[in-house]
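The two complexes that follow have chain A in common; it is paired with chain B in the first and with chain C in the second.
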Partner chain A sequence: MSNFLQYTVFGIMLGAGYAIAATGLVVTYTTSGVFNFAQGAVGMIAAFCYWELVVASGLPVLAALAVILLVGAPLSGLVVERVLMRRLHGSTAERPVMVTLGLTVILTGLATIVWSPSTQRTVESMVSGQFGLFGINIQYQEVLLIGVAAVVAVALRILFHSTRLGHGLRAVTDDPQLLAMAGASPNRMSQYGWMLGLALAALSGVLLAPTQATGISIEAVTLLVVNGYAAAIVGRLRNIPVTFAAAIGIGLAENYVINYLLPHLPQNLQPDITVALPMVFLFIALVTVPSVRLRAVGRLTTARAPRVIGGRESLVAGVAFFAVAAVLGAAFNNTPFDGTTILSLGGVVMSLGIVALSLVLVIGYSGQITLCQFAFMGIGAFVMGKTAGGGSLLGLLAATVLCAVVGGLIALPTIRLRDLYLALATFAFADAVATGFFPDSHVYGSGGVSIGRIVLPGISFGGDASEFLMVTFFFVLSAWLVLAIRRSYFGRRLVALNDSPAAFATVGLNIGATKVVVFAVGAAMAGLAGALYGTVQGVVGTTDFDFFSGLMFVLFVTIWSVRTVTGAFLAALTYVVLNQVSPNWVGLFAGVGIILIGRAANGILGIEVLRVPLPWTKATSETMSGEPASLLGVGTGGESRAAG
Partner chain B sequence: MTDAPRSAPPEEPRPSGVTHQLPPGVIVNGLRAAYGRIEVLHGVDLEVPPGSVFCLLGPNGAGKSTLLKAMSGRLRPTAGSVLVGGGPIGRTSTEKLARAGMCAIPEGRGVFPNLTVRENLSIWTYRGGTSLKEVEERTYAAFPRLRERRSQLAGTLSGGEQQMLAISRALVTMPRLLLLDELSMGLAPLIVDQLYDLVGTLASDGMTVLLVEQFVTTALDVASHAAIMVHGRIDRVGTPRQMADAAFGAYLS
Partner chain C sequence: MPPDDAAVLTVSEVGVRFGGVAALNATSLTVHSGTVTGLIGPNGAGKTTLFNVISGLQSPDRGTVSLFDTDVTSMRPHLRARLGLARTFQRLEVFGSLTVSENVQVGLEASGGRWGRIGRRAGLGSTIESLLDRVGLTEAGSEQSSNLPTGLARMVELARALAIGPRLLLLDEPGSGLDESESAALGALLTSLAAEGMAVLLVEHDMELVMRICDHIYVLDFGDIICSGGPDQVKGDPRVQAAYLGDGAPSRGALPRGESNGSATPVHQIPEPDATSTDLGHLSTRPEGRGR
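For the complex of A and B:
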């Protein structure tokens, strides 16, 4: 009994920490319509700043808190709203997701550079000591956290319901233009929302840091705050009391699972489950709680989709691409480079290119935001390694088929989710797989899985060049497949689904089936890519399919252009090249790139000045493609007028 | 319903300076505006005299609401200018125009549905010059029904009550220029009459009013001037009587 009470108190304390982070999310979302994926990263930065100020520099606790919560976090909120978010008004739904993910990548990247992960950093409780009550020991730190959460809850309640500022903050959700017509600035309200939201993220990070007994780590603190995401979803992104209750419930559930359920499970699974728990909660919340109608109801089709490449044209381009690859293969056969070979890197580019193509299909054409292609890739590579000795065409087939099945299964519970919710669900799945499944000793463990080279009777893929060409062949095949899908009847269905799910359903098309098929095809492509990646690398492990790398890769594709094959190839190429230069550059390119490209829906390749007509482009296709998309989304004005 | 809304008895204190100034006139010159690539206003020229109640009629899609959007800073015109009280509004933001005395009430319900009536009224005080207490007093005096509903979410009010709440912004913030978009939309004729009575009273207290309607309604009874807008241009201008007669012909063209 006393154990139960002890766990309960600790669970409530954890929940209180999550609640603070979750209300921050709700505040930001209601005032600006942006779900801040970077909330966890902001909490993490705050925790490390607190360590830096208090432990490393010896500043008094209160002074450090004042600097972080009253100056640092609000100021960051101000800058983030003004510089990053305001430009996104009226853009497609994936943009805010991508930009806040970019922010996450930048913040974790910076943290890795500033606070080297090899040093242990322990944050002590702000208040020490404990007291006995009903036969259990209660830490003052626990009381402090629960107390702060209660104060935050009451203060927010008063702010939102009894002050004019609070009314304004709520009014901006309803109708920003009307608020402006009443004489208040909607942008100012969003700014306040971001300042408050980030301050709450920082507060939760600082308060939760001492619960990490073995010291704070960048990933762990970031994910601690992610627990708040599930609570915010349960609160339907607007109801603060429900969010609070859900957060406490999650804290309790987590602590009970860890203390009661885990000891009965196999030893090797325990750490995996502990790490994956927040994401499991988030996934459950997403598929069970009825989703709210998202704020951006209509969608401005400001940027036109790039021209669809015709069948003959894609055939010619594919053959030309393969010919160039063959020439390069002959020229660089078995050329060592930086510990590997040039063509092995080339094979990595091609296999990642296939993953990028799957993103073109799922995000670019169908508008379903998926963040879990690297998880499918890892599953594909694992299946490849375990099938028929790890180096056969059968393995490729098994990887492709199994990933198609898993992709379809993931799509089933998420059928009714779209935009932000789908992004969150795939985010949760990706992280749960990367942190809970891959590191398991039966999967990749610490040693990884070795994958042999494919052997076919009569043809040897053993050589450097032949293997490179095989992967290139699969890349070209995938590109043809994706383009053929886009040109087909099914492709038009995908575009229709992206444009208006409501209209799609009204004309009698099946949203669910379409989504499951597109997800399964996308997952199959990623699985195939993973298997090919494995044969090129020889040995693959958890680090190859890391969660953050997956996020960064999605950003790369978005930066170049998530709607074109060229964009997919360039994304894979730059990703591999930058990774070879320095992994730090990858995060920098992903984060800064997505912020600079902002709301341009067609990425770098969509920018007008770069759209040079290709020599084989037929003149007649001009009328099909229409005018190039305008970056600003505003018509050019005077010239093209319909006569009244 | 009180028969004479006590919007502004002469003895009541007003925001300084307002009583001694004439309400502003509005001049629209060659205004063009577009949504993306689609131009909606093809060069609108319009003159609203100071202190007038100007009724702009026009069929669905004529560009009336777009004109009001462009005049209130919600839509950036592509060409032409809008002068209020002799000065161009240029790129002034909607909230600055509101604080300078322009009150635009949009089509549909100009209220925040997820805020209570009282919280809506508290938003009206962002314009400056009044306290929530004053705003509540004046609103409830004109619309006693809103007093009963003050703790109710505005989204749960009837259409007429929502429109009363919307127009209370014009009543309590003492604007000098009122832009009203389809006040009558979806309302019972009796309520429309009441609301237009109120508009008439507001205008006689020294306010320029530009109101937009799709059909010939009681709006013309309170109007001093009228115009018909068709296909993004002003088709003809005249007295309310003339325009009422001309309207049907113009719509069919």
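For the complex of A and C:
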């Protein structure tokens, strides 16, 4: 019984920590319409800054708290809003997701550089001591955390419902134009929202840090705060009291599962389940909370759509691409480079290129935000390694088919989810697979799985160049396929779904079926890419399909242009090259990139001045003027729409 | 209204609430094939909400909707469309990154079923062309549809709706953004559609157009049908005048209702709300500054 009480108190305390982070999410979302995926990373940075100031520099606790919560976090919120978020309001759904995800990977990357993970850092309780109650020991720190959370909840409630500022803040997502008419500035409100939201993230990070008995780790603290995401979803991203209650519930559920359920499960599964738990909660929250209705929102694509590549052009470009690859293959056969070989790096580029192409299909064309392609890749490589002893064409097939099935199954419960919610569901799935499934000793474990090279009867792919060319062949094939899909009936459907789900449904098209199919095809491509990646690398392990790397890669594709095949290739190329040079360059590219995402709807390749008209490019609608001739015989007045 | 005409749409006692606001109270109406039926009412009356209920984008709190003698109250939107229902939107919902012809093509392919498109591929181009001709978009086929001005984008929606070969067509303010001669052309088109046997339900603020082409008119105010009948009957009804002039009726939320200066403007001379209203629905049809 006293154990139960002890778990309950600890659960409530954790829940209180999540609640603070979650209410921060709600505040930013209601004021700016952006779900801040970086909430966890900001909490993590705050926790490490706190350690730096208090433990390393010996500053008094209160001074450190003041610096972090009253200066650092609000200032960061100001900068983030001004530099990254301001132009995102009302844009396509994937851009705000990418920007805040980018912030996450950049902040975790920076933290790794500043605070080397090899050092152990423990943060002591802000208030020491404990007292006994009903036979259990309660730490003052626990009381503090619960008390602070309660104060935050009450204060926010008062702020939002009883002050003028609060009404302004709440009005922004409801209708920014309405707010603007009432004389308040949506930008100002969104700025306050970000300052407050990040301060709450920092507060939760600082308060949760002492609960990490073995010291704070970058990944653990970041993901700890992620528990708040599920709570915010239960609160439908707007209801603070419900969010708060849900956070407490999650804290309790987590503790009960760990202490009561886990000991009955197989020993080797226990750590996997523990780390995957937050994501499991998030996934459950997403698929059970009533969905947001399909609504006619009147959102318009103002950006120019990329040109649709014709059949002959894509064939010619594909053959030319392969020819260039063949020449390079012959020139660099078995050339060692930096501990590997040039062509093996080239093979990695091509296999990641296929993943990027799957993103073009799923995000670029159909507008379904998926963040779990690396998880499919890892599953594909694993299947490849385990089928027919690895290195067989059968393995490629098995990887592709199995991933298609898994992709379809993931899509099923998430069919009714739109935009952000789908992004969150795939985010949860990706992390659960990367941290809970891959590290399992039956999967990759710590040693990894050896895949082996593909051997065809008569033809050997053992050599460097032939291996590279095989992967290149599959890349070209995938690129051709993606472009062919775009030209087809199904491709038009995907783009239509992206542009207007309401119109899509009311012309008689089935949204759910379309989503399942596009998800399955995308997953199949990622699975194939994973299998090919495996044959290039020989041995692959958990780190190859790391969660954060997966996010970084989606970010790269978005930065280059998630709607074009060229963008997919350039993303894979720069990602591999920069990673080879130094991970810091990857971070730098991403950092500049997320600033750019807010300013160029279609990524780098969408920027007009960078567009080079190719000699064989026919004039299409995109090169025509935006102003059509008057069509009903009379001038169209001043209503004409500025293009992109 | 000839009583022998089959009712293609029957809305009965439909109620919808948004939080505390009742957008529709026990609203009932009937639409017959071969007619143009008008649905008018001040801003915020619930017209768009009723369209959403009919097309399945909004489920009603109570009441039923039946289309072509089938109860569709809980049927999903795409299945209703397959029964022969098409609509356009007040806030534009064109497939902006597709060209004008592709918008129409998606509609044709959607109605052709999975394999139907193969059979009609040969005639596809000419079918698209004739549909574009019909709405006056003859030369705009290859234009990216988000580049079109509002009024023409509405015509793209209309052509796309016609492409699915509907028996019942719901039009939500198709005339806004069109000039005089364009809306005259629209009126002629709707009349000819009705003559071909289609049922048209038209929401429109251009009273002149409504009075000219509608066979039957329903007037909605605060979620209630306050009056219905032929154009002359509706024009003369004092309740309609009162609803439009807002004689002291409480204003709803932050959305001002039409004109409320109390002057005795006859119904058919009520100014285009586009010009005076601050309704967000109208603002949203001007994309400048949105979605950047």
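Basically, the second predicted complex is superposed on the first by the 608 of 644 C-alpha atoms of A that agree within 3 Å, B and C clash if a C-alpha of one lies under 4 Å from a C-alpha of the other, contacts with A are read in each partner's own complex, and residues count from 1 in each chain.
Methods note: contacts are C-beta pairs under 8 Å (C-beta built on N, C-alpha and C of every residue); 3 or more make two chains touch, one makes a residue touch a chain.
Quick caveat: nothing in here was measured; it's all calculated off a predicted structure.
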Inset, instruction - In the overlay, answer first, second, both or neither for which of chain B and chain C A:G508 touches. - result: second
Just checking: does A:D338 make contact with chain B only, chain C only, both, or neither of them? Give me first, second, both or neither. neither
Of chain B and chain C, the partner touching more residues of chain A is C
Name the contact category of A:R87: first (chain B only), second (chain C only), both, or neither. second
In chain A, both chain B and chain C touch residues 175, 177-178, 181-182, 300, 302, 633-637, 640-642
Chain A partner, complex, touching residues on chain B are 32, 34-39, 42, 72-74, 76, 78-79, 93-95, 98-99, 103-106, 110-115, 119, 122-128, 132, 169, 173, 231-233
Within their complex, chain A touches chain B through residues 161, 164, 167-168, 170-171, 173-175, 177-186, 300, 302, 633-638, 640-642, 644
The answer for chain C against chain A in the complex is residues 52, 55-58, 76-82, 85-87, 89-99, 102-103, 105-107, 109-111, 117, 136-140, 142-144, 146-152, 155, 157, 160-161, 163-164, 177-182, 185, 254, 278, 280-281, 283-288, 290-292
Listed in rising order, chain A residues that touch chain C in their complex are 87, 90-92, 175, 177-178, 181-182, 293-305, 489, 492-493, 495-496, 498-500, 502-503, 505-511, 601, 620-622, 624, 626-629, 631-637, 639-643
